[in-house]
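The structure's right below; bear with me while I get my questions together.
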Amino acid sequence: MIKEFEVLTKERYELINITNKVERIVRESKVRDGLCFVFAPHSTAGIVLTEDESGLKNDWLAVLKKMVSGFDFFHNRIDNNADSHILSGLIGQEKTLVIENNKLIRGTWQNIFLIEFDGPRTRKVIVKT
Amino acid sequence: MIKEFEVLTKERYELINITNKVERIVRESKVRDGLCFVFAPHSTAGIVLTEDESGLKNDWLAVLKKMVSGFDFFHNRIDNNADSHILSGLIGQEKTLVIENNKLIRGTWQNIFLIEFDGPRTRKVIVKT
Amino acid sequence: MIKEFEVLTKERYELINITNKVERIVRESKVRDGLCFVFAPHSTAGIVLTEDESGLKNDWLAVLKKMVSGFDFFHNRIDNNADSHILSGLIGQEKTLVIENNKLIRGTWQNIFLIEFDGPRTRKVIVKT
């Protein structure tokens, strides 16, 4: 089963917790045991598993911004988002999780986040169970 | 079904668009709905989804090279490719995509690339549908 | 089939080769052809495919530590492990491999590692075939 939902982002760089939306799709799928595949069909956003704590979200963005700072990017002469493409690729746009007894197996602090790298935009997330 | 193809790389570091090759395998598999798993059985190359634009490909390599610059790597006393192993692991050697109606679901700018980090070489890509 | 095993880590940052443990689960699963999904249900550890060479393991840790050095992390006022969360998310906590003839397809130098970023701890690894 394939389902999708939209996420509205407000900042250029932003982490948005999508765990509840993915878990609702898993519940409604009635799949007892299997895999849940989460995918952002975008090249300037990513999917990551991390803790939902406001300070940590700022720390994440500080580290990611530093990785792409101090460059004179060629791509920015065409479209000013080389940083967004590179961070999206580094983080990756997909995550796979295990479903057991109709629930996602995930650690206590493992939340599923969409990371926006070129917002604000309307993003799509595809979930296959 | 498992298929594989070869990619000849020409540079030490290089991004090579393999989208057409993967999509042909998906078409020929006749799989209507499912998953497509792309894997490089190598520890000094990676698989990434990003835009195919020549400036951006240079920008990618600049960021990746900087991540592994300024170190005196122990591994280089054995084999001069610590940078290649580390970047391969950071980028990852596998990507999963969704097949719907015998087509890959992917964003407009999401192309599938093999990234070479220790070329020139002949690389193998494994595709399971 | 879902199996799990524990890994005891001894250092704050450490790479631990878990290839043998994953391969034993694959053998015992009797799965001939399919996928093997390896998952760490943790937000301060990761799973990576890389070469098992002691110098390279040190080089890996040097590169990762530098990525999160020189920051005054907000999260550390709550819990002193912002670095651990960010590196775990960057490396990712999951890998997928192909099983063919009851064996994992992997390159000569591709070993499966758990990377500890906030040890020493007891870690869990989940393997679904």
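Lettered A, B and C in written order, each chain numbered from 1.
In this text, contacts are C-beta pairs under 8 Å (C-beta built on N, C-alpha and C of every residue); 3 or more make two chains touch, one makes a residue touch a chain.
Keep in mind that this is a model prediction, so the values were computed, not measured.
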Rotating subunit B onto its identical copy subunit C by a Cα superposition takes an angle, to the nearest 5 degrees, of 120
Examine where the copies subunit A and subunit C touch and state whether the two sides share over half of their residue numbers (same) or under half (different). different
In whole angstrom, what separates the CA-based centres of subunit A and subunit C? 20
Subunit A: which residues touch two or more other chains? 67, 90, 92, 96
Contact residues on subunit A for subunit B in the complex? 2, 37, 39-44, 67-68, 71, 73-75, 77-78, 82, 85-86, 88-90, 92-94, 96, 126, 128
Show which residues of subunit C lie in contact with subunit B when the two form their complex. 33, 35, 48-51, 53-56, 58-60, 62-63, 66-67, 90-92, 95-98, 100, 105-107, 109-110
